[in-house]
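Below are two complexes that have subunit A in common, paired first with subunit B and then with subunit C.
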Partner chain A sequence: MNAQLGYYLLWFALILSVYAGVAAISGSVTRDSRYHDSAIRAVYATFLVLVGAAGILVYAFLADDFSIEYVADHSSRVLPRFYAATGLWAGMEGSLTLWSLILAGLTAFAVYRNRVRARELIPWVIVTLSVVQVFFLLLQIFVAGPFERVSGLLPTDGRGMNPQLQNPGMAFHPPTLYIGYVGCAVPFAFGMAALVTNRLDDLWLRLTRRLTLLAWLFLSIGIMLGAWWAYVELGWGGYWAWDPVENASLLPWLTATAFLHSAMVQERRNMFKIWNMLLVFLTFFLSILGTFLTRSGFVQSVHSFAASSIGWYFIGFMVLILVAFLVLFLGRLPGLRSAGQIEAVLSKEASFVYNNWLLIAVLVVMLVGTFGEPISRALTGVATTFRGPYFNTLNIPLGILILVLTGICPAIAWRRATPANLKRNFVIPLVISTAFTAAVVITGYALGEVDLVASPAHRYAVLTFWSGAFVAVVVGIEFHKGARARRRSKGGSYPGALLSLFRLNSRRYGGYLVHLGVVCMFVGFAGNAFNSESQHVMKPGETVEAGRYSLTYAGKRDISRSTFAGIELNLRVSRGDRNLGTYGLQRRFYYREDQTTTEVAIRSTLLEDLYLILISLEEDGTAIIKARVNPLVSWVWLGSGLLVLGTLVALGTTPAERRGRA
Partner chain B sequence: MARKKRMLVGGVLILLVFAGFLVSVVDQGVGALQYYHTLEDFDQARRDGKVEVKKGLRLNGLVAPGTIQKDLERMQIRFDLTDGTRTIPVVLTRLDVSDLFKDNANVVIEGRLGADGVFVAENLMTKCPTKYEAAEGSPAGSAK
Partner chain C sequence: MTGAWKSSTVWVLCFLTWTFVEPAHGFPGMKTADRGSGSGAGTKAGQPGTLVEPPPGGTPPPATVAGIEALLAGSGTPRPLPESGPGVISVRVTDDVSEHPVLGGLDVILTAVLSGKVIGQEQAETDSEGRCAFRNLITESSVVYTATVIYQGVRYTHPSLTFPTDTTEADLEFQVYPSGPAPGKASIRGVHVILETLDTGKGVQVTEMLFIDNPEKRALVGGPEGIVTFALELPKTASHLEVGQGLQRDQISVGDGTLYYGGPLYPGDNKVLLSYHVTPAVGWTFQRRVSFPVEMFDVFVKESALRVVSQVLKGGEPLNMRGADFLRYHGGPFDPGSLISFRVDPAPTAMAAAGSGRTSAVPVAVMAALFASIFVALPILRPASSTGAKSDTALDAERRSLESERDRHLLAVSEIDMDFQDDKLGEDDYHRLRKRHKQAAMEAMRKLDSLPAADHPNFCTRCGKRLEPGDQFCARCGARITAGG
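Then we have the complex of A and B:
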């Protein structure tokens, strides 16, 4: 009954979306505002209808309605209700519904916000987003139906949810990433509208700046949540493995990052108009590609889904948007030519160009690595898969260059940097960061932790520390200068002046905070160069050494519950004479899902993580464990937090905007 | 105009350097694994001499039932990879394997083929059984 209603609602949403697109075109062609207004109302209605459809699916999960196949496949009676509610995005069909819902919500939001100030663009924004919406709705209605009924006997219980997905990080990772992916469609739609209406100035950029930043923020949070989840839940000891599905999420992030930066140049200097249009298209295209990659089984991922026909629909859709964009774009090319041009290779504009090039270079590396397998199979008959070392070899140097630019860009002059400008802004950061790096290297050698001659990884790590310190000092000086100037003009305390910067120029100083977050993350990434790992076979009472830590087999206990059988190994951890407490390493067997999981124990400090994994516990009580020492991992999470905070600041309004609104 | 030309030349040069870097890494087979989806393909490639020594190998197959042996002393796991007709003996040089690693499991192994015909694997991944889908976008799977 409910399933039927949900299915009808999807149809209803489809009709509304088609209508919105048609009405929008009619309104634009006939200049009849009744069509225009009707299209807007249809956009709002689509959202409400999809809220209903998604609501029915969530309700079906909460009510254990196993007559719906999707619910039966992803939930069970004993599943905690919180996770049952997240069943909406536990599999493909529901994920598509979530996609549609988010798209409808963002469309309604963007249309509502801009209906007056960008009246001209709105019809074509609606058309573009409706086409996307129609595609996803068609998939749900004809290919992968979330409301499909179970055929045959009604199951008394569902098959359960993958226990590894039953984690708070995992609960929020997919929807966050989705908001990011879907969010990329909105600036693209405004770009398309600008092309159609020939409004090729920076109006569309200014209107979508916040939405783009918001999409970027959600993409970032989604990626970081996924990494964090992998680290604490999957138990292999790291957070990133260059898996195709991980790469898929990074692809649009790279172009979105490039876009956010080059859009600033267009606003300020009216340059890069062609490039920005391309980037906004690429970002959207890659977000669809990302969804396709995770869904089609086209590229073999570790947890690749069964290859399904849905891939061909995605390919068809991608070809459609590619052609539509290219036709419009090439037609408007003359109008997009920029008036301004770069005056010097050492200038802020140029540094933005380098930043974009580098991000695109990383994108190329990622594309080759991710699609290398199907491409090589097609070309040579033998498939070549690219794994970690390929990505690291190429991306680490590119990443360090990007990091260095992060430090140069804020302090270099627009148009042309004079030697005096360079000297004034960069000598102090260079001296401090070099001294800092020297101190780190000397300390590292003294402790026997760093070996620049033998290890290329160590060399890169040290370069990263140096670049990171450089950026941090540059940004620090920028804050100091801002605060000092503020105090001179307005008085007050220094911390107060510092804080007021975020209010007065939220974009600039929020951006700096993001850069500081990126520095912290890079420091964390560099920590990987010093990882160490050891495996141990331990009898009860035995003590083994892992790095500077001593691990003692203190005991084991049964932790079984109604849903799983579990065992916990207790390890007493100490370093030198210091007792660091007892840690529980678990293995659980979930009955319903017929699956074993590992619960790792992590002792986390700013300097390093001790990461303990129970590999197995034999009949006689012998334990096999893996101990990893992962230096600086905390900095990745710390940096992510800073990045989020900085982006939130940058999303805020500036005083000029506040005045404009009043 | 002269400046524009200079910048263009500079851009092209940088592009070439980057392309050279990329090509050389790919050519040296850094992080590249030849991937055979079936043991049949792998057998065929060996007979045809298509297997490149400088690249690692990635094989897909099933764990032959009853062949899993844990060697706690040497921290290894030995088992046979099979497709029903062909079989390759495998030594996995680590003990931490996914919990889905058991008889008849569908696995992907990564490593090199020794002169003695034993495949020395550094990594082993088990494919998720089809009844479980990880949520999309998730970097799921025991990748290392």
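Then we have the complex of A and C:
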């Protein structure tokens, strides 16, 4: 019953989505609010229907209903139930259902929240989002159906889930990323509605600010979860490989970051309207592109892409939305031109422009690197490969410039920064950051860890440390100034004044926290310049040296679970006389999936990670291991946490909003 | 003896009439090591043994294999071992259980086989140290030797051996057990049945494995000839019976619908292995009435096209055994007298499983569609002239634009104040910009005030509740209702 009902529900959701769009247009054209209200109800009903469809699919996973091909392909009876439930997004078909569900939910939420205060925009928001929903539902019904039945005999068991996906990080990575992708559709829809209704003021921006920030937050979480998973699960010692699928998630994040910043300029100075319209479209377009890249197999092989029809449908849809946007955008271009202009090269507005261009530059680098290989292969027959060195060579300097801007922008004034103002706001940060960096370099040289002459990577790392310190001091001074002004006006303690800043202006100070998080992450990225790696052959009882650590072969054992069997090598880690604990390195064989995985052992501190990989373990106990020392990796995760915290603060309400004015 | 015979009948499982198609022969693919090897005897090539003088006089038979074959031509009876080679096989028999390390006076029979034919057989008696030797043996690799010891009615057979190249001496050790009447403490640990579709696709191969555990340190014997007997029934359409390792094949006999095993149960594991074909693969029934305790009874189905239907066997759980997929049904323990029965049916298909589901999905889908459609269509069913049918006007749009402009300039003023406090703005710029934005905000407010009075709003701007004409406060959230929203 389940599969058939799920299929019917998808059809019904399709009908409701089409109806919602048609009713919304009717209501807007005829100015009859009955159709308007009916369209809104259709949006709510679509969400409920898709909850049902997704619920049926999740239930099928939990109940081991292998009569459904999607369930048989991605689950098994011995799969832990938690991971069985995440099978919803284990493959393409279920991912499309998840996309539809999240889109329906966010549409219902956005419509509900704005059905009164944006009454003239809402119909066109519904139309835009319904078009997107119809596309994804058509894919599920006609191209990649999640409720397709197996033909012939009922399988006794499923094929299981890729063991590497059986990890908490990877369990949450797809849904967070999808909330981010789908979340980009809502501000785009409001932007399109603004173009259609010629409401080119900042209303659509203000209405979607929080939703945009939420989408950006989930994109950030999804990207970081993916990086963390790669670090702990894939066992190659790093967290970012500039893989096309990784890049796909970063593309909309870059434009969303630019959009979030330049939206502030439109709100404050009624400028950057063209930028914002283009950025919100690009963000949505790139989120569709990211979904396309992940699911179509295009970057793996143009041939595999061509063999599957879904890629062509995505391309068709992207062309459709591109054409629709361009028609509206070009038609409204005169109205989008700003009345005001940037008054000074050194001003907050100008720094946002530089920020936008730098992020666009990184985007171009990513697009060329991600699509260059399949396109060159298709056009010339020879693939031009773009790997880590290409991305690092171009993105590191751009990233450092963006980081510097992250420090300049908060401290620089709107409209024009005078020399006195610049001196007041930047001298101290420059001095402190330079002094700090000099101390780091001198210490590094003394320890033999830094070589600025011979190593370009070390030079970039030092630049990053300097930029990060600069930003941290600027942000610290901003907090101090705010707390000091607060105490002057209201009295109270210094910590109390600091905390009250978040309540008074959550957007600004939450943003500063986010910037601090970015600083921490860049510090972590810079640590890559000092990675070291060694490989050792060890016999039982032997001790080897890996950097400052001593690794002693403490023993080995067989391990056995219901889903896998394996071997574990135990290494005792010490530094000097200090015992740092025993760590287990494993190789596992998963029965159902017929796959072998490596489970690494990681000892993390703020200073560095000791990363241990088991390469092989022979019958006689001889082990080959790889030991990596990865400095500052923890700062990446710490910075991610700070970024999330800062965004949550920035999502808070302002006093004006609490009073009901805004 | 009568008691022992009666005891042996407890090993009878059940009876059914069946027919053999082919006589029992070696089980394909299985190693044919005889049970005697399980007692720990092994070949120790190269170790010297006690020499036995060759028989006085007489012409040794030809030393070549061809010569032996010629000698055998026309003869169907075993002859004495051809003594025309340098080979020596030394035999030692020990009894671990009784703490007598050696046994003497035992008959040891050495048989030589060439190309499947017995070419000679000789018997020797162990001395007081449990040793004897066979000399002048042909060492060519084509001649295979088998040694057998009979102790207290139990036959122990050593695995066949040949002389490796450049080796003329071999040692054989036998560890024997005292024997006693069955059943002792023996039990059936498990009965495992494996079903696999034949390559022809027209039947199923059934492989049965019985694991009989004898925990006693003596071989169990019974019956009038000192053997344990039990019978296995087969399905009516069984064919191609093959008996495998574990028990001495020469102790197997068939008749009256019964497969008899007549032999000892050795200490430790005793495995009975047999296989047969059943045609067709589905629709047949397997039955065993057990007259002794069975700890576990498994049926493993290797093909997903088959299903086992049984009231005493549960499961159907998938089992991945070293890369092969099985469906496992299991039951037990079973008391004596239990009937273990299962029927092999075709597996359900996905379409069949879906068939019943399709009919029940339709009503649910129809109901859901009905409710949702009513919910969605309700607003359209309202009369067009009701209070909720007011639409936006250009006036409303202009009002909202001015409100937005007012709010933006007021926000800019507060931001400028904050920037000035944070020393991000010079004093001259601060005063100039503040004045400009304040004037712009006041202009927007003046324009708002000059707009015609807005009609009474239809919805509360805070919570969205539909308002009645004349409402001054929202009934849901209490917000004050002002003209224009």
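Just so we're on the same page, the second predicted complex is superposed on the first by the 650 of 662 C-alpha atoms of A that agree within 3 Å, B and C clash if a C-alpha of one lies under 4 Å from a C-alpha of the other, contacts with A are read in each partner's own complex, and residues count from 1 in each chain.
Please note the rule applied: contacts are C-beta pairs under 8 Å (C-beta built on N, C-alpha and C of every residue); 3 or more make two chains touch, one makes a residue touch a chain.
Here the structure is a predicted model, which is why all the values come from computation and not from measurement.
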Examine A:L580 and indicate which partner it touches, taking first as subunit B and second as subunit C; both and neither are also allowed. neither
Partner chain(s) touched by A:A3 [first = subunit B, second = subunit C, both, neither]: second
Is A:W89 contacted by the first partner subunit B, the second partner subunit C, both or neither? first
With the two complexes superposed on chain A, say which partner A:L346 touches: subunit B (first), subunit C (second), both, or neither. neither
By the touch definition at the top of the document, which applies to A:Y591: first (subunit B), second (subunit C), both, or neither? second
Look at A:W236 in the shared chain and tell me whether it touches subunit B only, subunit C only, both, or neither; answer first, second, both or neither. first
Once the structures are superposed on A, label A:A361 by its partner contacts, choosing first (subunit B), second (subunit C), both or neither. first
Just checking: does A:T385 make contact with subunit B only, subunit C only, both, or neither of them? Give me first, second, both or neither. first
Residues of subunit A touching subunit B in the complex: 73, 89-92, 95, 159, 162, 164-165, 170, 173-174, 177-178, 222, 226-227, 229-230, 234-238, 240-241, 243, 245-246, 248-249, 290-291, 294-295, 300-306, 341-343, 345, 357, 361, 364-365, 368, 372-373, 381-394, 535, 537, 587, 593, 595-598, 613, 615-616, 622, 624, 626
For the subunit A and subunit C complex, residues of the former touching the latter: 1-5, 8-9, 12, 16, 19, 31-35, 37-38, 41-42, 44-45, 48-49, 52, 67, 76-77, 115-117, 119-120, 149-157, 199, 201-203, 206, 267-270, 411-418, 420-421, 424-425, 478, 481-482, 485, 505, 591-592, 594, 656, 660-662
Touching subunit A in the complex: which residues of subunit B? 3-4, 7, 10-11, 14, 18, 21-22, 25-26, 30-37, 45, 50, 55, 58, 70, 72-73, 75, 94-97, 99-100, 108, 110, 125, 127-128, 130-144
Note: in the complex, subunit C contacts subunit A through residues 304-305, 316-318, 320, 323, 325, 327, 347-351, 353-354, 356-358, 360-362, 364-365, 368-369, 372, 375-380, 382, 384, 388-392, 396-397, 400-401, 404-405, 407-408, 411-412, 415-416, 418-419, 421-426, 429, 433, 459-462, 464, 479
